[in-house]
Every structure is written in structure tokens, then in C-alpha cells.
Amino acid sequence: MNDISYEQAPDLSVSLWLNTPNDISLTSLRGRVIVLHAFQMLCPACVSHALPQAKAIHQAFPPDRLCVIGLHTVFEHHDAMTPIALKAFIHEYRLSFPIGIDQDAPDNPIPITMQAYRLQGTPSLILIDKIGNIRLHHFGHLDDLHVGAAIGQLLTEKPG
Amino acid sequence: MNDISYEQAPDLSVSLWLNTPNDISLTSLRGRVIVLHAFQMLCPACVSHALPQAKAIHQAFPPDRLCVIGLHTVFEHHDAMTPIALKAFIHEYRLSFPIGIDQDAPDNPIPITMQAYRLQGTPSLILIDKIGNIRLHHFGHLDDLHVGAAIGQLLTEKPG
Amino acid sequence: MNDISYEQAPDLSVSLWLNTPNDISLTSLRGRVIVLHAFQMLCPACVSHALPQAKAIHQAFPPDRLCVIGLHTVFEHHDAMTPIALKAFIHEYRLSFPIGIDQDAPDNPIPITMQAYRLQGTPSLILIDKIGNIRLHHFGHLDDLHVGAAIGQLLTEKPG
Amino acid sequence: MNDISYEQAPDLSVSLWLNTPNDISLTSLRGRVIVLHAFQMLCPACVSHALPQAKAIHQAFPPDRLCVIGLHTVFEHHDAMTPIALKAFIHEYRLSFPIGIDQDAPDNPIPITMQAYRLQGTPSLILIDKIGNIRLHHFGHLDDLHVGAAIGQLLTEKPG
């Protein structure tokens, strides 16, 4: 079912992982659907729509079939959205899924993973199928019905 | 993927079809996913949650792959929820998907299709797969994420 | 504080009162603030916004200081929004404040009280002060903050 | 109308004022109703309910009659909710009313104004009447209808 033309999801460049005992590599998650939520803690649409959706997805699907990963892609207000501030934010908003801090890029306000995925801003939603292909790439909020349908499709596809 | 143990969806017993030039039989829709929304026009949860969801599903998916059908299953206040009242309701709430009025049963306030599907009340949501099996049967509101995922699965399955 | 130029609220012409043991006349409510909500049971904005607001006002203020009255002003779909249908609607939506059915007018689809108040449609909100003057006359939904402020003002004014 | 038993609102101890060309003292606002919103930028209920309400109040009433003041009362996560972070937050959330940063207290995580007003946490809402009395003191979210009614009362009272 997966077309050969899909783009393989780039690796994540993360300077610090939170909410997980071990660092996460996308390769280690083959066989599972990956829901990658790129956000900034001071982005209003992320706080009001995207992160509640990420929480709901994390609760709705079994972790051995689907993995939600948050990616803190700070491209503005770098001195406000520090790792210390993010930890407080995660605590106050009761986020329990793994969250990686996107690696700063030298000479560029846009961090490395954000560049690799060519994200236009936050929130951005990336769905990755069981064999590591990017299957959905959306900037802005996407409603639960469409996200759910896309997830349902990827969960149903045979990995092979 | 479809297990032999699923129940085949009973035919609809409808006294009057609205929003459709022709009567609808489930058999004629084989190959498509069917979303059956049982509601009553004076049921608050139907009006606030289930019917907006039915409208959203109707708009989100192509009609040659998925068909939304409303079923007006009046089991109380029969003299308030008449066909004339339903027509006004459909007009005011801008419902554009086909809606059937469930056939009155003799000596029973519960209409015939509602009995055949053993619905517990309204709203109820039934998902029927491409070969006519009931795959989801839910009383009360089910959030968009779960409904979307179930639809995504059924759309992805091969009919054969 | 009340300016002499305010219009005195016309009497209500009601064919049937519901949710009240006795008929209601505005004159008998002098000394109290009156919140008059004109609605139709098949008007979506009434159901989703205006009637929940009327319920909230009814619960928020003491009945010896403020009185909420619903007025069912049917000006379309007369054969759908009958008294029997309205009774079922009131039951299902758990409306507990007094509701009057606006008196049909001969040779005019617009009922008598709706004409007397020159309402443009539903929902409409009328605030009447302690001495019977119309102080606010609004077609469409008005947010809780503005309605609350107007009520707070009328409750604070001395009746004399 | 104002009872002699009301508590006079303590002065604000503010280390930095934002969104205002001049520092603000409550005394200078006599004759106006003051709506004081105590919040923390990483408090979810502040972000989702209290600050949108403060914005709505700021837009709904004329500034010569009512003044909205935000007070950033940081009592936890001090190293996350810095002035730099608050400035980014104010920019992203488009807050345009004056906001003061509550003065740090020596040897106490609770800042000085928060202590003076005996606030229990955030969000907290304080309404101050035209002569400087505290008339409403609420911890947690208070719905728009009640807040509106309280404001309407204070606006209607004669200052003398």
C-alpha cells in the first residue's frame, strides 16, 4: 500500500529528551505508527489545540502500535523557551509523552530537525508509517476527524 | 481482515426518505463504508454533538467511498417529532445527507430498525464495512478521534 | 437614573403558560429585573446559545430580584413548533423557567407579542428594568459578559 | 451603597510594568472600576480561561470607566517565568492591557502584592470599586455572567 515515492522521515536531532528514560530514534520504532507533534511552549495554537490533541492521541491508542512524540522546535524567543521553562511547562500541562528538544543550529534560528523536515512553523503534525515514511505533513491545526482517519489508515496497513 | 464473526447489518425499514431522490438500501452501497447515525430531533446530545459530527463526516470523506445516513428513530414524544417537524428541523439545521424515518412498529413505541439493531437510545452510531458487516455499535457520543480512526481503518481494508 | 425616554415594555399576549402555576403579567413583576428571551424551539442559535444563557441567568440570580421569562415566538414552521412539540422540547432540554407561547395573530405569521416588541427574529433578548422600561433590546446572541453587566446595572439601580 | 466594612485595596508592589508608558498606582485610578487579574504565564487555567476573560473585559468597557490590570504573581517555577519569558508570552498572546510583575519578596517564594492581597493561587480575580475598596476576591475561574454582573454593579454605583 505504501507508494515508493514517499519520503523517508529524517532522524531526529535532539539535544535533550524529556519524559522518557532513553533517547528515542525513529528507526527503533519501526512497526509502529509515529505521531510527531512539533510545537513551541509559547505558541498559542499549540497550547490550545495541538498539544491537547497530542495528549488525546497518546491516550487513545496502545503504545505498542502507535507512538506520540513531541518536538520542541524553538525558532523564536529562544531566551524565553529554555529547557528549564519547558520542564515547568510540561509539568504544569501534565504532558506525559516523550518530548525532545530540537537541536540548535549554528548560525540559524531554526533548529536542525525543523530544517530537516522543512517545517513552516508551529504547530506542525507529521505522521510516519510503520516503515518510516512521512505520510502526512501539516502546518497548523488539523481536526481530530481527519487526524483520526489518517491514523486509522496507517494502523491498518500491513508493514511489509 | 474482516472476521467471519461480525454481524451483518440488518436492512433499514424506513417509512420516508428525505434529502435523497431515491430510497436507499444498504445492499446497494456495498463497497462503501456506511456511517449510520440514529438520532431524534429533540434529543439534546444528538443536536449538540452527534449531528454536527455526522455533518463533519459527510463533508470530510468522498461520497463514492463513504456514505453518511441519518436515521430518525423516534421512540418517545411521537406526537412532537412528526415528519413535518423533522422536515423543518432538517431545513433549520442545514442537514444535507440522506435521512430515513424509522418505520413505526405496531404495539411498540420503538420503531422497527431501532429494534433490529438493538439500539439502546439516541444518539447511536453504527459503522458498516464495505461488505455489510457491523463493525462499530456505540450508544452516546464518541469523540472524533476514535470515530475517525475507525473510519480510516474501514476505508483502508480491502473489500474482498 | 432611568431616563424618561425609555419605552415601557408592552404586555405579553400569551396563549399558554408553561412551567408556572399562574399566568404572568409584567406589571406584577414591578421591582424586579425581567429577562425576556424570545426563541423558537427549532432555531439553532436559540438552542446552542440563547437558551443555555437563559438557564444560566435563571440559576445565577435570586428570583425575588430577577425573573427570567421565555417567550416562544413562532413565526415560521408553525405546524412543526406546536404546543405539544414545545412541551417535549422543554422536557428534554430541562428548561425550568416560565415560558409563554406567544399568541397567534390573525392574518399574520408573526405572533402578537413579537409584533408589539418589534422583534426582528430569534433569538431576541429584552431586559426590562424594575419600573417596566425596556432597557436592552437585542436580536441575535449577546455574550455573557455584556448581558451580565447590563443585568448588574439594572439590579443596582434604585426602583424609584 | 458601599459599606464601611469593605477592605481598602493594598497598593501594588511592582518591579516592572509592561504595556504602559507610566507606572500605575491604584490611587491614581479613583473614580474608575479596577479589574485586577493575578496570573502566571505557565498556569493552564490562566491561559485558557482567565486571560481571555481579561482581554474580553478590556475590550468591552471604556477605559475611562474601567481599567484592567494584569499582575504576574510568580510563586513557583521562578526560573522559568522570567521577565524575558513574560514579554514573549505577552507578545504571542496579544495581551494589550497593562501588566505588572509582582515584586519578589526576600525569603519567601510568594511575591509581595500576592501576600498583601492574601491570594491563594492563580488565577485570582479582584474587583476594586471607584473609591478603592475590594468588592470581589475570587480564586479560580469565575464565569463571565457573574463577573459581568459584578462589574455592572460597580460601574452603576455613585462614587461618593
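Per-chain numbering from 1; labels A, B, C and D assigned in written order.
Convention: a residue touches a chain if its C-beta (ideal position, glycine included) is under 8 Å from a C-beta of that chain, and two chains touch if they have at least 3 such contacts.
Every value quoted in this text rests on a predicted model; they were computed, and no experiment measured them.
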Worksheet item: Which neighbours does chain C have in common with chain D?
Response: none
Worksheet item: Looking at chain B with chain C, do both copies bring the same residues to the contact (over half shared) or different ones?
Response: same
Discussion item. If I average the CA coordinates per chain, which chain comes out farthest from chain B?
Written reply: D
Practice prompt. Measure off the straight-line distance from the CA centroid of chain B to the CA centroid of chain D, and report it in whole Å.
Written response: 50
Worksheet item: What is the distance, in whole Å, between the centres of chain A and chain B, each centre taken as the mean of its C-alpha atoms?
Response: 35
Discussion item. Two or more other chains touching the same residue: where does that happen in chain D?
Written reply: none
Worksheet item: Looking only at which chains touch which, which shape fits best: line, ring, star, complete or other?
Response: ring
Discussion item. For a test of understanding, state which residues of chain B touch chain A in their complex under the given definition.
Written reply: 1, 53, 56-57, 60-61, 143-157
Fill in: Residue numbers on chain A that touch chain D, as the complex places them
42-44, 47-48, 77, 79-82, 84-85, 87-89, 91-93
